[in-house]
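I've put the structures underneath this note.
Presented sequentially are two complexes of subunit A, the first with subunit B as partner and the second with subunit C.
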Partner chain A sequence: MAEARKRRPRVCDYYQNEDQFARGVALCAGCALELNLRFVSRVLGKDVILVGTPSCSAPVLHGQNTKAWHRHPYYACVMTGVASSATGLTRYYEKAGIEATVVCHTGDGCAMDVGFQTLSGAAERNEKMIYITYDNEGYMNTGIQQSSGTPYGAATTTTPLGQASRGKSTAAKNMPMIVAMHDVPYVATATLSHLEDYAKKLVKAKAAAKEGFAYIHVFCPCVPGWRIPSDASIQVCRVAVRTNYFPLWEKEQGVWRITYKVRDPQPLSELTRLVGKLRHLDEDEVARLQAQVDYRYRVLEALCAAFG
Partner chain B sequence: MAVSLDRQRKVITGNAAAAYAAMLCRPDVVAAYPITPQSEVVEQLAKFHADGWLDCEYVTVEGENSAQNVVCAATMAGGRAFTATSSYGLVYMYDAMFNTAGYRAPVVMVNVNREPPGIHAVCAGQQDMISVRDTGWVQLVVENCQEILDTVIMAFRLAEDFEIQLPVMVNYDGYYLSFLAESVDIPGIAEVDRYLEVLKSQPRRPRLLPGQAVGCGSHGIGTGYVELRKKHMAAMERVKSKLEEIEEEFAAMFGRKYGGQIEEYRTDDAEILLVTSGSAVGTARTVIDAKRAEGINVGLVKLRLFRPFPRERLSEVLRGRKAIGVLDRSICFGWDCGPLYMEIRALTPEVGIVPMLSFIDGLANMDITKEHIGQMIDAIVSAAQKKSYRQVTWLP
Partner chain C sequence: MVKQERESRPAQECILPTEACWSDASEDTLCLHTGDWRTERPVFDLEKCNACGFCYIYCPVQCVSDAPDGIHYQVDLEYCKGCGVCARECPTGAITMVPEGDLADGCEPR
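Here is the complex of A and B:
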């Protein structure tokens, strides 16, 4: 009766097309962003129009002079203008009766800092697009500076350790929650250790973007920026989920749901000892970060309980 | 306001004239953020849209930076797009303006001139437009409500012309023109369609569409960058003759013309000249007439095209005069004079060494009065008589 048993879909079942990216792209060894780009492209399909900015992904996505490392239609713009540029494209396509899926693909610096206003504006207007934030918790392309996605305690080049400093003194913005509060059709978190979960969310986002704004916040470690071994990116993603540091959830048409429930969450020290930028944290500091993580998780659970 | 798309004559404000012109050109996408003294343009277009006269996507953006990015992307996808701003809004879209120009995106934008941030003057002044002169946009400056309407229509022809492909900004003085109501001849939409029709027969630029392996905004490195910059520069130079060409066609269809890059007023036998732009030109004409009646051979040059700078035509008209005065409604830090004056002084090799006087007037809504312009002309006359003169004069 093996054939009658319902097989759970695997990642490759979601793929729409061959990899649209060239081999040997200009990203670091073990870069989670590269996997993210190729994955988004394969699940959403080669026809989607990508919109991006100067960032780590820019050398690959923008291309150079007349050549690029991929086959997607692509619109590069200023960091302040991703969601607004995507609006210009989608509104024109709407007017001209052209069917298209426009996907913004930016880092946390653009989404959460300098491009935050325009993202919030597009969400409020419920513009028909998918916005994917690959959150590597800082400005990695410019040399590992802190952003509002950088967690408490992290050492970056603008929150360095020193006699008078123990790293970043404030918490990261809870960005996916902020976008969820715009009451857009679809918001989700995802990461690269849980690809089936991510793929399902991309499919949902693509459908939701026909009606309005869809947002996916992707936890995306950076090998040199976080000082982790080049073979550890996926392991870090997995531990971030298992410690509830980065819970996987979605809000679909007002219904909140944790999509990957962790039975016995590991202590946060499992993550901080793996990640170089957090390894200096002492017991009290880890406890403080743990308290932030626990608080945010309880807020999420409460929302899921109330509106699940 | 009762709206009609047939030819009509109405008493409307400068802002309404800009909105009417934009509507008549059938933009696919309009995105704009309100700011004094431009707000009426945004409101008027929203009303046209709400009433079904204007069939476009109207994007109520959350700031001017987004407005600029929306219209830039819309034109790169193949649409016609319009936005309007002023002062703080203009400088808030500064990075995006470089982007629009660099993409050669044929956006048309109205900028209602107002003093920029710092000393918070909610007042007229051309400093905003001067501050963006190196972004690579075509910049026109107009004098009255009719010229606002006509120039916005011409701006779409100019921006989208296949030989140009550049964003065009139409500037007019806030307060003096934005809220001034004048009788304006509004063309019918069918006539405007006919005027813009030639664009459809031109080769079509590449568009960003789904399913194509095309990119927009590649890294230009080394020679790739230089090539695009040189092409942009060459397109800028072509604007000068193209503007005069499309204005001839406009004149043939609508019966109005403005001289193309510059308009000369009583310059033929003039020994001295005053150069200025914007709403001050009307006052200056009256004073020139009065001074002529007194026997002073003075002429007026109205600058319509600020970027590209009409070097050739200005050199021609300025050459052989005894003295030249330039009236600016803005200042040029670091040169201690007016910006137009500074640029006109750079024509000295072509014009010859004659006294050149800079007049700074009309900052922050101060009226450029007939008396002020009379004083300017007296000063130019005196300098022409080889008497000592002040190079820069702030009025009053």
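Here is the complex of A and C:
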């Protein structure tokens, strides 16, 4: 037998408690969101109140058969009002003197389209909460419609691939940057292939949420929506980071920092080859997407250099 | 399929004492036996496994736990959905996905 020594990856040091979710929940096989939910609950600890909306996580968070599939207190509300409802909760817990962290857990559709104004309002008022967006680049729960998080060229059911359409014609919003421009205490991007990085950011966000608004944008591939094999969800996260498609950075108390610097970024074709919804892109279209990725990375680098 | 005696989680106290308990997430009705979905099963090659624990952290279902030998890891087949993330992320290639039909015990869990 090969010499094997019991090891735990360092990320396990950040786990505060047992998994608070039921062992079998109704999310697709290989769903990155399932790992995200279990991970967030493990790292943030027990004093967490989840606030959620109708989304892929709703069957698990709302629950079916009268009860939820987890042990956290949970507040279910409409997509337009998630951040404002959470505002009420934070104010109540503060007034009542109860130590608790309110965590909004919504998809990109809620954060970028439907609930954007309440999110922006809560950020402006600097409410004491954590807002976690799991970005699967579309309305995956209702049948893979495009959202403003869908990237250029992606084939969805509302921007299909055919004679008249070659996927989405416009670019995605740069959502974490938009929230960072609200000058809130903490903004970060994270993904599930770099779990230790993610755990550090969650811990920082929890500390920052004692003073004000903390926002984490999580890149979270969708197996049926992106047409990727069920075993590739973590691999896609990793390639997205290594191609600079989804750079990992944080803005803490006004200082920007790239937390995972990619030395030799791979070309974007590595990602489009892997992801079914982008596989149809020809060279020109990949070049256009690459130009947009490069532009956003240059802006980010410049912001980080200004504080380096 | 033969249903086995399932040990249910002990009922836990509420997370926040001020909140009513929304759920204890332990009852049988609240817990899908997602192992039924599986078409391929992860099989560990202990010769190759270096017990790095990548399968343990990346498993979306979090159904990988410590093996009784104290070194390696094992999969809870009652809940493993057979997605194959563990096999793809394993740095030594110690996990292979074997179709359930090829196994001697067929589709029976454990």
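Descriptive notes on the structure:
We adopt the following convention: the second predicted complex is superposed on the first by the 297 of 308 C-alpha atoms of A that agree within 3 Å, B and C clash if a C-alpha of one lies under 4 Å from a C-alpha of the other, contacts with A are read in each partner's own complex, and residues count from 1 in each chain.
In the analysis below, a residue touches a chain if its C-beta (ideal position, glycine included) is under 8 Å from a C-beta of that chain, and two chains touch if they have at least 3 such contacts.
Because the structure is predicted, anything quoted here is derived from the model rather than measured.
Of the two partner chains placed by superposition, only subunit C is touched by A:D19; subunit B is not. Judged by the touch definition given at the top, the superposed model places A:A76 against subunit B, while subunit C stays out of reach. Looking at the shared chain after the overlay, A:Q117 reaches subunit B, while subunit C stays out of its contact range. In the superposition on chain A, A:I98 makes contact with both subunit B and subunit C. In the superposition on chain A, A:P229 contacts subunit C only, with no contact to subunit B.
Of the two partner chains placed around the shared chain by superposition, subunit B is the only one that A:T87 touches, whereas subunit C remains out of contact.
In the superposition on chain A, A:L202 makes contact with neither subunit B nor subunit C.
Of the two partner chains, subunit B is the only one touched by A:P59; subunit C is not.
Looking at the shared chain after the overlay, A:A68 reaches both subunit B and subunit C. Counting contacts by the rule stated earlier, residues 46-49, 63, 65, 67-68, 71-74, 96, 98, 100 of subunit A appear in both its interface with subunit B and its interface with subunit C.
Of all the residues in subunit A, the ones that touch subunit C in their complex are 1-9, 11-12, 19-27, 29-32, 34-35, 38, 46-49, 63, 65, 67-74, 96, 98, 100, 192, 195, 223, 229-235.
Taken in their complex, subunit B has these residues touching subunit A: 28-29, 31, 56-57, 59-63, 65-79, 81, 95-96, 99, 208-221, 224. For subunit A in complex with subunit B, the residues that touch the partner chain are 46-49, 58-59, 62-68, 71-78, 80-81, 83-89, 91-96, 98-101, 117-118, 120-121, 124-125.
Only residues 12, 14-16, 18-19, 21-27, 29-35, 37-38, 46-54, 56-63, 66, 70-72, 76, 78-79, 81-85, 87-89, 97 of subunit C touch subunit A when the two sit together in their complex.
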